[in-house]
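Quick heads-up: structures coming right below.
One chain, subunit A, appears in both complexes that follow, with subunit B as partner in the first and subunit C in the second.
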Partner chain A sequence: MSLIASNLSFKPGNEWHLDNVCFEMSKGQIYTILGRTLAGKTTLLKTLAGLISPDQGTLTLDDRDFGSIPVWKREVAMVYQQFINYPHLSVYENVAFPLKQRRMQSDQIKARVMKALQQVGLDGFENRKIQALSGGQQQRVALARSLVKEASVILLDEPLVNLDYKLREQLREEFRNIFSSEASKDSILIYSSTDPVEAMQLGGQILVMDEGRILQQGTSKEVYENPNCTKVAQITNDPAMNLFEGRVEAGRIILSSEIELELPQHCKRLATGSYIFGMRAAGITLNQTGFPFSVELSEISGSETFLHIRHEMIGVVGLLDSVQNFNTGEVVRVQFDTMQLYVFDQNEQLVSSPYCGLE
Partner chain B sequence: MRVLYTSLKYLAVVLWSTFVIAPFLWAVSTSFKDFQSVTNGATYIPWVDFEPNLEGWRALWKSPAQGGVDIVEPFFNSVFVTASGSLISIVLGTLAAYALSRFTFKAGFIRNGDITFFFISQRIMPPVVLAIPFFIMLGKFSLLDTLAGLIIVYIVLLMPIAVWIMVDFFNKVPVEIDETALIDGCNPLQAFYKVVLPNSIPGIIVAGMFCMIFGWTDFFFSFILTFTEVQLLPVAIVALNSSITPWWSLSAAALVSVAPLVLVAFIVERYLSKGNLSGALK
Partner chain C sequence: MNFKHKYLFLLPGLLVLLAILIFPIGFTVRLSLSSWDSFYPALDFIGIENYVRLFTDDARFWEAFGRLSLLSVTTVFLQYVIGFGLALIVWKEIAFQRFFRVLFLIPMMTTPVIMTVIWRTFFHESLGPVNDILSHFNLAPLWLSSETLSKFTVMIVEVWQWTPFMFLLLLAGLLSLPKEPFLAASIDGAGPIRTFVYVTFPLMAPISIGAIIIRLIEASKIMDTVYVLTSGGPGTATETSSFYIFIKGLREFQFGYSAALSLTYLIIMIISFTIIAKILVKLMVRGN
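Here is the complex of A and B:
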């Protein structure tokens, strides 16, 4: 079974919400649509669900025209980022709702509802009212309702974004187990997220979206190792990949009058000229023999410190694997790990990466 | 300081409650008085200041020929007209409000907000502006002095209230609930009556209450558009005020006219005080 989108476009006003979107998805796989807010992720999911009619383009599922099927007859299920349930119904009735719409027999409905509730860890909660549940439990009800349909396409629109950190971590793990289980082997799972860490943890294929376009599609490893342009490099990293302009001359990288770097092995074949260089925060560390940068901001996150530093026009974020305090304006010495250096051309397309070298 | 603040707070509540309840108690007291008790100066406590009797209440269902005031027919006329007008207004108003909340209408410069305003503008105009057109139109269709004519007029007057309240209510119901219902297999009509409507009961009750209050207490249109065949309760009560006003019957009739609203308010109070949407979208 495969879901194929060809040239999907949607422009309700002056801006493209979907711009020539094409992809092919196969059953039993998880696809994560990764992009910033307003990238077009929700629009794409709603288009797949049938809630939005695209201006142009086609959708086919198993060679059948999927796009012309009305939403209530499509084999899709969807979980929203808000915890959308039916507040006038109990947990059981909520989960049973789509099956009742299909006029299934009550014993079949009961068996499937109980199985779905067990999958999401809500067995025993059947008679509770939705209002009596916590946010995480409400989202599990929504998830159970999406699973019980055994739909061909399951859409999850940032389902964890409104949960607190601990619960998000826990549910993310549970989601992965549920999706890799037998129950969802016949479905195409499409998960949208703004969080690159979440996308990488879910595994499967990643589609990176920005301004209504799909910039890159590939496995999480492929996208992480070889982001095909600067936007993908920024979207797929948290904090965003540092980008700074510089020149390659005489076998050296010149970033400023004071900062020159040795060309790493994977960049040896770069021609002389101007480039955009990229480096993840983890590639920038403190070292007494490094270059002088002044601290703009230091953020402690768990057991790590994000250090926002600047040297002339070069502003970057470094990641220190310990908790450290810095004063604003303090001068620190910084080293760039050029083995982790990415190089993009003036059109912002990838030229060289630590993983593929110069094509 | 805290004790003083609490005392002042309770004093304000007691004073306001007294201000509100006193006329009601006065009417209750008067309804059990007779001519002597009413005309012999102010009396307050039954069996001490005056001897209570049920003459004022008995007169309500006696005909004028029997010395009564007969408000039974006007009462049921009012119940029928108000209930019919409110019910039809709520049904039509809820459908209109749902459409205005969920769908985008464009006709020239007119948008959803303009249409909502057109509905509300019916209530902005002074009633007398509407009275003459109503009078002429009902006359053309031979509906003057009929219950059907009054119901039509009340629908026109009450539907804007229903639309106004329900548009605001539906705007607060997340559209994702409708979308989820569609995804779960409901067509748009099923999504409305299986999911949106059950979650809109508090709004419908509030709108219904307002429609009933405005319909039940209307005097102006029921006075202008009826003559001899049909009489509604407010007109019947006012008609009791004559050169020899039977204050005891007038008070009893006034209490009867208030009773249905008080009863309905008690029944739906729990819906008025809290919504039912918590849990739809946390």
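Here is the complex of A and C:
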């Protein structure tokens, strides 16, 4: 079973919400649509669900026209950012709702509902009213309702975004287990997220979206190791990959009058010229023999410190694996790990990466 | 200041309450135990004589009460169904939505008595435009002088006059509903009719109950429409409880007896509405 989108476009006003979107998805796989806010993720999911009619393009599921099927007849299930349930129904009735629409036998409904509730850890909650549940439990009900349909396509639109940190971590783990279980093997799971860490953790394929376009599709490893352009490099990293302009001359990288770097092995064959260089925060560390940068901001996150530093026009974020305090304006010495250097051309397309270099 | 003096602050409100609610009720109770009429205008004490007369010797009141129940339940039901239908139409994005919203409210903005006079002219059996049109089909219904049809005519006027009120309450209710369950229902495979049955109607149940009770209370006081349209006639065919109480009190000046009628009517209404509200809650909310 495969879901194919060809040239999907949607422009309700002056801006493209979907711009020539093409992809092919197969059953039993998890696809994460990763992009910033307003990238077009929700619009794409709503288009797949049938809640939005695209201006142009086609959608096919197993060579059948999927796009012309009205929303209530499509074989899709959807979990939203908000905890969307039926407030007037109990947990059991909520989960049973899609099956009742199909006029299934009550014993079949019961068996499937109980199985779905067990999957999401809500067995014993059948008779509770939705309002009596916590946010995490409400989202589990929504998830159970999407699973019980055994739909061909399951859409999850940032389902964890409105949960607190702890619950998000817990549910993310549970989601992964549920999606990799037998119950989901016949479905195409499409998960949208703004969080690159979440996308990487879910595994499967990642589709990176920006301004209504799909910039790159590949496994999480492929996208992480070889982002095909600067936007993908930024979207797939948290904090975003540092980008700075420089020149390659005489086998060296010249970033400023004071900062020159040796060309790493994977960039040895770079031609002389201007490039955009990229480096993840982890590649920028403090070293007494490094280049002078002044501190703009230091952020402590758990057991790590994000250091926002600047040297002339070069503003970067470094990641220190300990909690350290810095004063704004303080000068620190910084080293670039060139083995982790990405190189993009002036059109912002990838030229060389540590995993796919030009030797 | 003595702590007990705080109760003095309650006094203004208490006095107003006494003046506008407790005193009139108290006086009506006392009046109902008297034989005060136009021949003997005095607050004498005759015990429960008026009540005995009402329960043993006044079939006309109970017939009027039965008629009132029929009229109010039927008209409120029709107002609810039509009002809900109209509210559903303009709830969705349709062309000239604002125009229709105002249009549907026009009957409510008119003066009921004047509109009833117009309706009476409209249904006039020899001069009215309705029978003028129907005469082309050799029909001449007795809108105001037939025992059965006159009730129907009162219902038409009541439904026309008060459906917009129901429409307004239900539209406000629809507009306040969360959008998310509708989104979920469409994804879960519910078409428009099933979405209405399983989502819209249940979510609207609390608002519907409120709207129905408000209208039932109003409809149970029906007086002006009957007075202007048929004067309770032909005979007593359209006479309702409130109109009968009006006749006893302000035409026959049997103040003591009409006070007993009013109190009995009030108690029956309170009990009826409590039962109706419980039934509606059971049917519309718990039934979901």
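Criterion: the second predicted complex is superposed on the first by the 358 of 359 C-alpha atoms of A that agree within 3 Å, B and C clash if a C-alpha of one lies under 4 Å from a C-alpha of the other, contacts with A are read in each partner's own complex, and residues count from 1 in each chain.
In this text, a residue touches a chain if its C-beta (ideal position, glycine included) is under 8 Å from a C-beta of that chain, and two chains touch if they have at least 3 such contacts.
These numbers come from a predicted model, not from an experiment.
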{"item": "When subunit B and subunit C are modelled together on subunit A, clash or fit", "value": "clash"}
{"item": "Partner chain in contact with A:Gly135 - subunit B first, subunit C second, else both or neither", "value": "first"}
{"item": "Partner chain(s) touched by A:Tyr86 [first = subunit B, second = subunit C, both, neither]", "value": "both"}
{"item": "Which superposed partner A:Ala49 touches (first subunit B, second subunit C, both, neither)", "value": "both"}
{"item": "Which superposed partner A:Ala77 touches (first subunit B, second subunit C, both, neither)", "value": "both"}
{"item": "Which superposed partner A:Pro98 touches (first subunit B, second subunit C, both, neither)", "value": "both"}
{"item": "Comparing the two partners subunit B and subunit C, which touches a greater set of residues in subunit A", "value": "B"}
{"item": "Segment of subunit B that clashes with subunit C, given the candidates 41-49, 149-157 or 239-247", "value": "149-157"}
{"item": "Common ground on subunit A, meaning residues reached by subunit C in one complex and by subunit B in the other", "value": "49-51, 71-73, 76-78, 80, 82, 84-88, 97-98, 101-102, 145, 149"}
{"item": "Contacting residues of subunit A [partner subunit C, same complex]", "value": "49-51, 71-73, 76-78, 80, 82, 84-89, 97-98, 100-102, 142, 145, 149"}
{"item": "Contact footprint of subunit A on subunit C as seen in their complex", "value": "178, 180-181, 183-191, 194, 198-199, 202-203, 205, 285, 288"}
{"item": "Partner subunit B, residues of subunit A touching it in the complex", "value": "46, 49-51, 70-74, 76-78, 80, 82-88, 97-98, 101-102, 129-131, 133, 135, 138, 145, 149, 162"}
{"item": "Of subunit B, residues touching subunit A in the complex", "value": "174, 176-177, 179-187, 190, 195, 198-199, 276-282"}
